[in-house]
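Labels run A, B, C and D following the written order; every chain starts at residue 1.
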């Protein structure tokens, strides 16, 4: 897991978006993000892609935390509520299923009022060799 | 549509990620991105969230180009190939279905070798009033 | 809930497929199916559509058990293992999210060896009036 | 392809549901179904699982028509309109993507008034050996 945290400390894209990884354990990860001006879409709400990036980062940590290089095969996200500047979004990801090289992870994104902002489901596949 | 392009010229998140919107028409949009160091994940490939953000930006433009304020309800993305620094990714989005307030949009992301990097499907809902 | 069980006792399609509903409570349902010859696809395994129908039936019961007429807007299913004749499949559905007219339900389908056969996620919308 | 049509002529589940396969070519298939009493859910509309089974059958034919044994990994369906008894539903499936063992297929289900009833997207994987 040390190598994991080293690897992911070099996650440039998550850093670019201001994602802060708070906890990583096998099959579990948590990260947060404070919505800033540079996260907004043309409507003044947090861009869906930023909410996705937060959830996806949690997914990547959760599925890699066992030390086997693992990538996303397919992801989906359902948006429930918009987010505004200064909202604090927290994403918690848990492993739902792991068998052979394939895994399934659910991530829930909430805001500082504990309202669910989005549900994310990610399908992972471990690389060979 | 002028108001749309004005609105989306203020898309901060797409700008943060370096997404360049190239064409927007009702039910259609195209944008591109050159993969840079700040787009990489901990494995040195383009972060899935960046590819999603590119596709999602195209989706947002395509579904808003009719001038009715429209947001994403649900999106999914399937990754086919990884992307490396300096790859040029192009996302083309087309309207598959529009009825009442609900729409369905498909986005295909390709690289400079015309290989398909990802398929994205977005479900939109127009806001009331 | 009595009216619900009456209504769903008239679920012809579930009956056609041999789905047996075992338990229904608000936000929860369980049903099972024994794979028969008439459930097989051309490869001799349970048709994916039959596994879906089992899961979808559970989803319909779970999201209607509060007594508000509710339909499916979108569903997805991930298949993990094939099923053979005489396998006993059990689907358990739980409510993940409910806000206003929209709900999210997860269904897990297992076989008699407690192996996960499929994961299903359903998005529901309550009808007006 | 002869072996394919032989194989799928033994698709019991599609037969149980009254699905009639009309055309199968590599990367393409079409099938139809007339909604009967035994296809209804507890609300008197065609059960979502029946619409799925129709679309899934088309998907299975389209992805197997190249003669390589191929199964569904993941499917999703979006419902747009309900269907009533005697509606004639037609599902047309086309190959969107095929690379190595993985494929992506879109199926559109329409009724006799050419209204879109559902969109289906299926992810396939060819079996080894």
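The definition used in the following text is that contacts are C-beta pairs under 8 Å (C-beta built on N, C-alpha and C of every residue); 3 or more make two chains touch, one makes a residue touch a chain.
Worth saying up front: this structure is predicted, and the values here are computed from it rather than measured.
Peer 1: Could you tell me which chain lies farthest from chain D when each chain's centre is the average position of its Cα atoms?
Peer 2: Farthest chain from chain D, going by C-alpha centroids: A.
Peer 1: A-D or C-D: which has the larger count of contacting C-beta pairs?
Peer 2: Taking the two pairs in turn, the one with more contacts turns out to be C-D.
Peer 1: Based only on mean CA positions, could you tell me how far chain B sits from chain D in angstrom?
Peer 2: The mean C-alpha positions of chain B and chain D differ by 29 Å.
Peer 1: Mind checking the centre-to-centre distance between chain A and chain D? Centres are C-alpha means, answer in whole Å.
Peer 2: The computed centroid separation for chain A versus chain D comes out at 33 Å.
Peer 1: What's the distance between the Cα centroids of chain C and chain D, rounded to whole Å?
Peer 2: So the centre of chain C lies 19 Å away from the centre of chain D.
Peer 1: By residue number and range, which residues of chain D touch two or more other chains?
Peer 2: 74, 76, 78, 123
Peer 1: Okay, in this complex, where on chain A does chain D touch?
Peer 2: My answer: residues 74, 76, 123.
Peer 1: Where on chain D is chain C touching in the complex?
Peer 2: Within the complex, chain D contacts chain C at residues 7-17, 37-43, 45-50, 52-54, 56-57, 60, 64, 69, 71-79, 82.
Peer 1: What does chain C use to touch chain A in their complex?
Peer 2: For chain C paired with chain A, touching residues are 76, 78, 80, 96-97, 99, 102, 104, 116, 119, 121, 123.
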